[in-house]
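Naming follows writing order (A, B, C and D), and every chain is counted from residue 1.
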Amino acid sequence: MIRTPEQYIESLRDGRIIYLNGEKIPDITKHPHMKGAINYRAKSYALANDPKWRDLITMEEENDRVMFLWKQPQTSKDLLRRRDLYIKCMKLGGIISGMGPDALAAAGVVAARMDKKLGTHYTDALEDYRTHLKRNDPAITGAITDVKGNRSIRPSAQEQHQDFYVRVVDRQKDGIIVRGAKMHISDTPGANEIIVSPCRAHREEDKDYAVVFATPLNAEGVKLFTSPRFYEETDEEALWNWPVSGFYGGISECMIVFDDVFVPWNRVFMCGEWQFSRDIAWTFGVFHRLFGTCHKVVFTEQAAGAAALIAEYNGIDKYPHIQEKLAWLAAHAEIINTMARAGCEHPDFFPDIGLAAPNLVYTNIAKFMFANDQFETSKIMCDIAGGLVSTVFSYKDWENPEEKPYIDKFLAGKSGIPTEDRLKVIRMIKDMSGHNHDNIAIHGEGSLAAQKMALYAGADWERYKAAAKRVCNIEGWKESKEFKDLSPWPPEPILK
Amino acid sequence: MIRTPEQYIESLRDGRIIYLNGEKIPDITKHPHMKGAINYRAKSYALANDPKWRDLITMEEENDRVMFLWKQPQTSKDLLRRRDLYIKCMKLGGIISGMGPDALAAAGVVAARMDKKLGTHYTDALEDYRTHLKRNDPAITGAITDVKGNRSIRPSAQEQHQDFYVRVVDRQKDGIIVRGAKMHISDTPGANEIIVSPCRAHREEDKDYAVVFATPLNAEGVKLFTSPRFYEETDEEALWNWPVSGFYGGISECMIVFDDVFVPWNRVFMCGEWQFSRDIAWTFGVFHRLFGTCHKVVFTEQAAGAAALIAEYNGIDKYPHIQEKLAWLAAHAEIINTMARAGCEHPDFFPDIGLAAPNLVYTNIAKFMFANDQFETSKIMCDIAGGLVSTVFSYKDWENPEEKPYIDKFLAGKSGIPTEDRLKVIRMIKDMSGHNHDNIAIHGEGSLAAQKMALYAGADWERYKAAAKRVCNIEGWKESKEFKDLSPWPPEPILK
Amino acid sequence: MIRTPEQYIESLRDGRIIYLNGEKIPDITKHPHMKGAINYRAKSYALANDPKWRDLITMEEENDRVMFLWKQPQTSKDLLRRRDLYIKCMKLGGIISGMGPDALAAAGVVAARMDKKLGTHYTDALEDYRTHLKRNDPAITGAITDVKGNRSIRPSAQEQHQDFYVRVVDRQKDGIIVRGAKMHISDTPGANEIIVSPCRAHREEDKDYAVVFATPLNAEGVKLFTSPRFYEETDEEALWNWPVSGFYGGISECMIVFDDVFVPWNRVFMCGEWQFSRDIAWTFGVFHRLFGTCHKVVFTEQAAGAAALIAEYNGIDKYPHIQEKLAWLAAHAEIINTMARAGCEHPDFFPDIGLAAPNLVYTNIAKFMFANDQFETSKIMCDIAGGLVSTVFSYKDWENPEEKPYIDKFLAGKSGIPTEDRLKVIRMIKDMSGHNHDNIAIHGEGSLAAQKMALYAGADWERYKAAAKRVCNIEGWKESKEFKDLSPWPPEPILK
Amino acid sequence: MIRTPEQYIESLRDGRIIYLNGEKIPDITKHPHMKGAINYRAKSYALANDPKWRDLITMEEENDRVMFLWKQPQTSKDLLRRRDLYIKCMKLGGIISGMGPDALAAAGVVAARMDKKLGTHYTDALEDYRTHLKRNDPAITGAITDVKGNRSIRPSAQEQHQDFYVRVVDRQKDGIIVRGAKMHISDTPGANEIIVSPCRAHREEDKDYAVVFATPLNAEGVKLFTSPRFYEETDEEALWNWPVSGFYGGISECMIVFDDVFVPWNRVFMCGEWQFSRDIAWTFGVFHRLFGTCHKVVFTEQAAGAAALIAEYNGIDKYPHIQEKLAWLAAHAEIINTMARAGCEHPDFFPDIGLAAPNLVYTNIAKFMFANDQFETSKIMCDIAGGLVSTVFSYKDWENPEEKPYIDKFLAGKSGIPTEDRLKVIRMIKDMSGHNHDNIAIHGEGSLAAQKMALYAGADWERYKAAAKRVCNIEGWKESKEFKDLSPWPPEPILK
């Protein structure tokens, strides 16, 4: 089924335990700071029911319509549609958090592998859960990052306590008991359920930490601590002051505490198979980086546009050094877009299990490029926009009839452009260049170090080394399938 | 005289017209968002009266103590003391805004030049003002940046109106009438008076814009529009959430509108000498960039320290790639410190007028290095600190006894470090890496482009070109005083 | 027809006037420094006759086989094959200079446009030339860059003489007389004929410089001045010392002087249509940057491989900071490869003339990325390889039986790797990181500034601005075809 | 004594075993490729005897004149004179290799420390050697870098043989026997003697590698393998083609093999004290990086000048984006100059042994800045100069009367500048931007990694951390001597 927005909203009144900025919130649908996140999600249900977008977002199955994201990707086409769906929903203001579907896809890949290799039956549990998703259409998210404690110490060796990574503390007949906390989990207040996965490789001694499961967010023992929003304004004032973040309400990350939560076996998709923890973390990583790059396709387009507009409004769009900076922003946007799309066009296929994932190298490059250059993007936007990014006036200043005429007169830019338009673009740049976006760009979907590791691990070193070995006449280049058909280097000279 | 902090605070109840976030403020000493800026300044009066710091901040003159900053710099020693004074006051929490004293010093240099070259008597007016400063000890600031309108059009050619740059609209017997607006003027709410100077070079048709003057901030026609603070918290909560900005209250920039303000002739230090507008802008620039680098000596020290602490608290301080990033921050801090100090040790002397200014090249390099690398600094701090910079909890979360045990347990880092210490360092990095500091670092004391222009204009091209010409045997290198004593290149070979 | 390598070599004994390093060369097929360039080209004829590669390099037309590159590209498939052909020939050691075919393709696009717009008949002349190419199979190159004189002065306004850009000095009944000089023209010694085009936009007063034509290189008045090779060695010694450049002989650029050369009308493809000069320069630019990126696909693969090998041979391939640098090289290679391929997959179509060219934005990004990062590539290779890149021994040292045992013992790296292999990879990196490649990477196929201009000019600003305007509620975003179907921002909130 | 240039040259005919490019050289003073290096050194003897420079280069001692560099530095003044001496000699074409004197200074510091701590008597041996230097005035160099084998394995654990690092193989009554090889040792062909030191820290099992000693280069068992020069030209042709390197002959690095060489005890300055190996490597490092920065003061001045000249000759010096790049080069030059000078003005004093060394942090920053940015410097020079850096003609082309008129006409730049001047500046940039300088800039005086490690190790973390702790109210900041006098943060607010 596909729920209506109203059904979705109603479902959030479920008794969950949730805190925000020092306050326990009895009903999140009534809290002004939660409204943005809920509306962002509700809109996705509206779109799924909208004849104009329904065929993109949902699919027909057994005489029912279900979310396309419940499908386990098998082809390049599946991945391209997934990407298109994410981008379109973002542009339409109806977020479908990638966290949940990406965790589902990763769990699907790894369950198939474990079952094939170890003879387990996790795919059955997962299919059971998939059926539940199709029948009940809950909003789901995914949790990966643990709170970690001392980063240089493995989970089971932590000194203060053993709960810095989520772990199984008891295996019972009907299910398991889990304990620990996950941090920075996006889109949690607006979700009904969550899929939880490990964020790192494990050794045997850490096998209790090798656990993947799904649970409702109002399950007993689950506690949500929402990260505070970076602004206080609401409604029209929020939108004027923060044109990008003002609708969805800034970040909606939670720390999720699992205080001995019971999970039945049909919601457990890994339990103790520590050799596969790295696999689940990496597979989630590549699916979720695909999601992240969708976000950045939208973001970089807006950044290039905002910078181009303010250059025009400030009257500096004809200067070569400004055009050079704008060209950088355009190139940045197109590289991310093209590399991420190429990741779906040329996916990594896993023929033994009949599944596919976004190309590891291309997708990590796309994600790395935006993460690594986000501060440069901010710097360029600020450099072009001017000091006003720091000192620009607010909605309340603008609405005050005593102040407005002065602001209107003196903060005008190029003739013919309303001062308010100039102020809004400045506010947009202020919003986009602050650490709300900068820090998240680096750490969202994994740190810079994580992408570098993935790139190094996934790069085609055999091909590169063969290219160099052939030129140097060093044995071994024939082993590369890209080079084996070529003649040795250099070719026999024709003219002696 | 040196006023007491109390006298200073009392002097701010002067009927000034001032707005903040849509509100007109009748008495700024009563407004919670203004308290920080006022205390920051009041503390400087306390320090000037404190036997421990008095000899640094003030000087004895005609049996009176007066601020050292009223002295026109003449020697390297004057400049090094100026620098020491700025840095020490910042570290002690008693800001003495550089804007005013730097505008005073620049006006002093250019008045001497105009008088010498044009036979004017601006130095007399300036000395009269200096006497007033010494006798009454007002808190002063300086205004340079105009609101500018279309940046590609000169002041008198602007299309919408002629007031995008401050200008003289009437010359009367007793004084002049000025109109226009200045933007991003720091430390204005806490100042009593202001020195206003042009921010660019002029041609003859812009000569009405070539005007330097001083005026009280409560003069008729002056209106202050304060840029909104980026946070709402006050007192202890502000300090916990924003460890760096929480005391002084974030930015305190104003747009200052001059709505036909009268200025008597003994407060006018330039009026129509358009050929000297560039000179005043550049001289103010180099003095104020010295001030800016003092700020950054403090800031970069804190940034390197915060990053080093969080690396330790996260348990990652032994990793080479983290140490490499920390080494970058240390090098960054020391380059700025050393280049700025060298700017005072080797100043530009103007023997014809007996005055000195910080070395143009060294000072601009120091300012450029921090401005250009501020976003890199933020990126490194965020990279080391982790995603928590985006999602960290607030003072109110920490103080809620239901939340605190969970936060305390799960956000602990390295064993032995209180969780609260870790949170505070994260909050410090959040504060320092947001656009509150990032954008200001670029545009405070002039844009990147301004420093590049100054560097190009001030660099010793004669020396550099001589170095290259000598090697290539191209005529002309003997004209450089650095090279004229050297033999032609290459020396006659001894072994033939 | 497709000539044999022997026919090709014979054809170069054509009486051309050519100089190298101060020497006039009577027969280039006999000069040891010319052998590499000739063999590189001869090999391409061998490949065109080789059943294994014939179907890639040639096409069947009217019962004859002709070079595929004589075809005017019309589809994505044409462009992808062109790219594949270039890359494969480079890897097989048989260069087909892109200069000629790219100039031909650009002339084809612009001739069609001129004919359509101005009623000229340049396409006829071009087809006549194309027929000649198919029938006689000459080796062609293309000349674009003029010698330029003072870069800030337009062609006809140059002070010293009027010949800094190639121009028509006489229009006669049978043809035109051209004068001037072209610089840095690659692959000239090994070519039979050349297509000459302007390198910049023109105004009406420069219309004599708006000239495109083809001429044999042994025509009366043509004089070739070859740029000296950067090394002296030949044969086996050259290959050992310079593993990459040692085969094809380093650069083979010429300055080509046109000393009043006669060109018949059926070889003139533009003459005076100054409004189209910019078009020819840009169209050549994008075709030739496609060629350049093919070269760089080969180069960056080798660079990543050489760095990976030397890391292994030096025993440092397990260090994270080395892996991070290797990951950068891999990402660099894949970005160039993917962006350039995307330029063929998504070409710019010109429906009015039925032709296609590589996507301007993607292709310029690919070329810009390698040009802008070439010095970084070199830096990384040198950083990993060590100081030996500067001080490595030569073929002659290695072959000297007194020296070899010492070199063999002491310059060994990781156990199990022959010292000679390590030396060869070091020599490969020395070859690839020197300015032979560094400077060319920047300026080959146009300067960095040229790509930035192309990027700025070609970027989809309408889309970017619409993205920003929609978010800020600024009128005009509906005009973008990408955004017109979307609802205004933000969507109506569902939960009020 | 101070020898004459002639005595110096004569002393090189000493029977040394030396190879170059596959050839054994019986008398280096007769080999054309060795002349440059010898003349460069001979000139320093001429300068030491020249009344104009004698007082800088030499000092009076016991009625004799001796080289100032034999003095063990004790004060800032000593270090500033050392720096001045190095820079001046370089500019005058009389190199005094820093390798030897820097190794001497480092040995002096560490000998004093060992003697104090372990009761050894190495200072006596060193003073004996110093007396020999003063009496006989040999040209000395220093050897630090070992050939290293597998970089990830310690000296005594190497797999192929134990000689990848120089070590003591026998301790005899009169002296020691040493074996191994040192690589990249600059200025060796022109030196008489050498001081050899370890290049890394050692553990106890490596104690045979902890050895410092001096030996003549013609001692039995010493074999020199010179790295080949990168060009073949000599005399006038060399100077025209390579304006910077053409005089001194490019690099003159040697691999020095110690094939069981005997060293008497009075030339042994460390033997087995493995705990001090790190100290000798680091102390040599900082002294030699001071030397390296002197070189770069000269180099960066020339680079900025060459770029400025070619911008002018190409007619592009008025474009803002060119001026921006030139400003970068000027800033780069001044940062290196100022940081390196500050390293002598504020040295590290060792009061317990009465000695001084250049400031570790400042000196490493200066060296790091040039090494890290050398490729950027090259990129900027090439970007401004144009493609001609790759394709420029040679001395022989220019001297050929048939070619010259064409080159003269067509390669002219700005009117009024002789074409030859333009060509020479292009050749200068070609020389300076090739890997002859690029790779050496990175690895000369230690790799980038070495400087980063030194920076991290030497940075004032106590001060930085105190700065951050004070702001966060975290205990411990009072322990920093820079902060202990300051009040807690924030100060008590005056206005409550």
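As a convention for this text, a residue touches a chain if its C-beta (ideal position, glycine included) is under 8 Å from a C-beta of that chain, and two chains touch if they have at least 3 such contacts.
On a predicted model such as this, the values are computed, not experimentally measured, just so you know.
Counting only chains that touch, the fewest steps needed to get from subunit B to subunit D is 1. Using the average of C-alpha coordinates as each chain's centre, A ends up farthest from subunit D.
We define each chain's centre as the mean of its Cα atoms; on that basis subunit C and subunit D are separated by 40 Å.
Centre to centre, using the average C-alpha position, subunit A and subunit D are separated by 50 Å.
Residue positions 319, 321, 324 of subunit B each touch two or more of the other chains.
Listing the residues of subunit B that touch subunit A in their complex gives 19, 21-24, 145, 147, 149-153, 159-161, 163-164, 181, 183-184, 223, 225, 227-228, 232, 251, 253, 255, 257, 314-316, 318-319, 321, 374-376, 378-379, 382-383, 386-397, 399-400, 402-403, 406-407, 409-415, 430, 433-436, 438-440, 442-444, 447-449. Within the complex, the subunit A residues that touch subunit C are 5-6, 9, 29, 35, 38-39, 42-43, 46, 91-94, 239, 243-244, 246-247, 298, 301-302, 304-306, 308-309, 323-324, 326-327, 330-331, 333-335, 338-339, 342, 361-362, 365, 368-369, 421, 424-425, 427-428, 452-453, 455-456, 459-461, 463-469, 471-474, 486-487, 489-491, 493-495.
Considering their complex, residues 319-321, 324 of subunit B touch subunit C.
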